[in-house]
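After the structure tokens below, expect a handful of questions from me.
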Amino acid sequence: MGVKKTDIVLLDDKGIRCDGRKIDEPRRIMIKAGVLKNASGSAYIEFGENKILAGVFGPRDVHPKHLANTDRGILRCRYHMQPFSVGERKNPAPSRREIEISKVIKEALEPAVMLESFPRTVVDVFIEILQADGGSRCAALDAAAVALADAGIPMRDMVSACAAGKVADTIVLDINNEEDQEGQADMPVAYMPNLGKVTLIQLDGVLTPEEYEKCVNTAIDGCKLVYEVQKKALHEKFFGENSQ
Amino acid sequence: MSNILDELKKKKVTSLLNDGQRIDGRAFDEPRHLTIDVGVIPKAEGSARIRLGDTEVVCGVKIQPDKPFPDLGDRGIFICTAEILPLADPSVEPGPPNEEVIELARVVDRGIRESGMIDLTKLVLQKNKSVIGLFVDNSVTDYDGNLFDACSYAAVSSILSCRIPKWEIKDDAPSLVEGEYSEPPITTIPVSVTMGRIGNHVIVDPNADEWACMDARITITTNASGNICAIQKGGSNGFTQEQLFQCAKTSISTGAKIREIIKAQGK
Amino acid sequence: MDDVKRKYVIPGDVITTGPYRAEDNVHLFEDKLIATTVGISEVFDSGVRVIPLTGIYMPRIDDFVIGKVKSHTSLSWEVDINSCYPGILPASDVFGRDFNPKTHELTSRLKKGDLVACRIANFDRSRDPLITIGDRDLGKIDDGDLIKISPSKVPRLIGKRGSMIQTIENATKAMITIGQNGYVVVSSEDADGLLKALDAIKMVEEQAHVPNLTERVQEMLGIKSE
């Protein structure tokens, strides 16, 4: 992959990663539900150094009208990075990467949202990346799912997302920014925890078939951990602090 | 593609699948017939026209010197794009690319890039100053489903058959040496295999009718060593873990067969 | 939670399994009854439902709602009922059977901005809901302030057998009309009473989940609790 620019040790001989984590340990995750006044639903997440805000509007009227579907509602999703969210200032106009990620996130949420309950309407999901670290699309999805639940949009299941990857020839959970740059593979995954379906999976990097299976399983384990944090966020807002 | 499939056709596709059959008679893991013609655009440094069933893609490779990306002064440039031309289907409108086309281009690009197919370190003219850029542009001219694989096969075939001109450095800038060419530095041949899920059935290389009824799709790219180098799931539904593992196995075995067809292209 | 058949749920939670009917905000998948919104699930003899703690108003036939007239055609008015669908009030509902678009002018009865107390007459999701103002307690609302609360808080504002709303009305001498859709009209001849009523309603909405809400509201209104 080229000359290493830094001297970071991705995995030392004690199995500790460059940020002190073990191979199956995710970064710190914090989610708060209901943080915006005007949105129908909202959530804020900190996942490692990712800081992301998600807001949901709807179901509401579709404009322009020709986009409306007579049988079911439609879901629109916008993943957008703030100019100050990354090292080198990012142009505020949507890039092709953001457009693809918006689509992939929408398709990860659609299996869960019961759009057939709201024909001829739209549910808009707006995700703003305030600060980006590795795995921002998974963190964005985690916040979006909580925002949808906060808005009372009927869902068959929650959607929980987490990435796994290959770093120093080892499959690890939740890769951070350095591991993304210097590592060997990155696999973001989104999962519906009660229905057991994967609704987002992408891969950059090379994996043998055995590594692929291990990576999928590791990512799904990560999704289940994130689900507990999403549940806690909703319980805290709606049912009071110690309701579980 | 906003192909609004009529309900009757969708029922027909699904009930045939329930009986173990596909609407065009193929096996579930059988891709359509693939024909590859290379060198169809002599002015380009590489080109190919492919037909996958009734989907047709024309691809051209332009090779020219360029400035390297900052931080990547020791390697050449590879950029792969894809476009759906208005003549490919009545529903395509001319204009800036929509999210579907953007996803298509990025997935095709990643499949080839992540496999390391082209050894970019062999495309440097002056380190940190000038390198060789390979620009691979796909245009879909006829739509019948599965543009992901069609564009990928067209791009890979164009790259395999391209010829790289020779530049030498004169007065600190690249200068073309007429009539001299070299083979591209190829390390592996990536093959993408796209599978669609309709109900609980997973089918390889969906045609336009199947594409319109799909609940979800997954594109898996493998290299010649049987390893997986890129994955993209798309569509409004999901896959179970078992389905994901089965899709990987299918992409390796079907991919191997397609690799032979690509290698055998008229050379 | 004192009642064992009730549980806090979030979307995707399996409430129970078995031969139950899936009612409001519950989805049946195989034999599992799954919550589709954040709320409190209830299992009763024949069915399972979730009382939502959030979400927009979804019209239900026979619901009493308050609406605000948005626009009209020559045949009907379009009414904002705080939902993703507008309510449609046919002119014949107001003018009667011999309504004639050529001679009857809709704005003579109801115009843009008017408030109406109405009932959902018909609704299936394929078309906008039909509303009626035909009954005795329905019709144009002549005065009062319109405020909006979350529809999921309406039961709390009404209270057990109307206890909460009566408490507020008695203490403030205000008249309060609550629509199932979260639109509430408050009117009073006493300006002070009006403000107190609005504050009390806001308090109920914000603290609906807090215990002892009735005592707090009484305290705020200056009533000594017995």
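In order of appearance the chains are A, B and C, and numbering begins at 1 in each one.
The rule we apply is simple: a contact is a pair of C-beta atoms (placed from the backbone, for glycine too) under 8 Å apart; a residue touches a chain by one contact, two chains touch by 3 or more.
Remember, it's a predicted structure, so these values are computed and weren't measured experimentally.
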Could you find the chain whose CA centre sits the greatest distance from that of subunit C? B
Per CA centroids, the chain at the heart of the structure shown is A
Any idea how many Å lie between the Cα centroids of subunit B and subunit C? 54
Determine the centre-to-centre distance between subunit A and subunit C, using the mean Cα coordinates as centres, and give it in whole Å. 35
For subunit A and subunit B, let me know how many angstrom lie between their CA-based centres, rounded off. 27
Multi-chain contacts only, two chains or more: what residues does subunit A have there? 192, 195
Contact footprint of subunit C on subunit A as seen in their complex: 40-41, 58-61, 70, 112, 114, 117-121, 149-158, 192-195, 231, 234-235, 238-240, 243
Enumerate the contact residues on subunit A facing subunit B in the complex. 2-3, 5, 96-97, 99-100, 102-104, 107, 110-111, 187, 192, 195-209, 212-213, 216-217, 220
The answer for subunit C against subunit A in the complex is residues 8, 10-14, 25, 27, 29, 34, 36-39, 52-56, 58, 84-85, 125-126, 152, 209
Okay, in this complex, where on subunit B does subunit A touch? 71-72, 74-75, 97, 99-100, 102-103, 105-106, 110, 114-116, 216, 218, 223, 226-241, 244-245, 248-249, 252
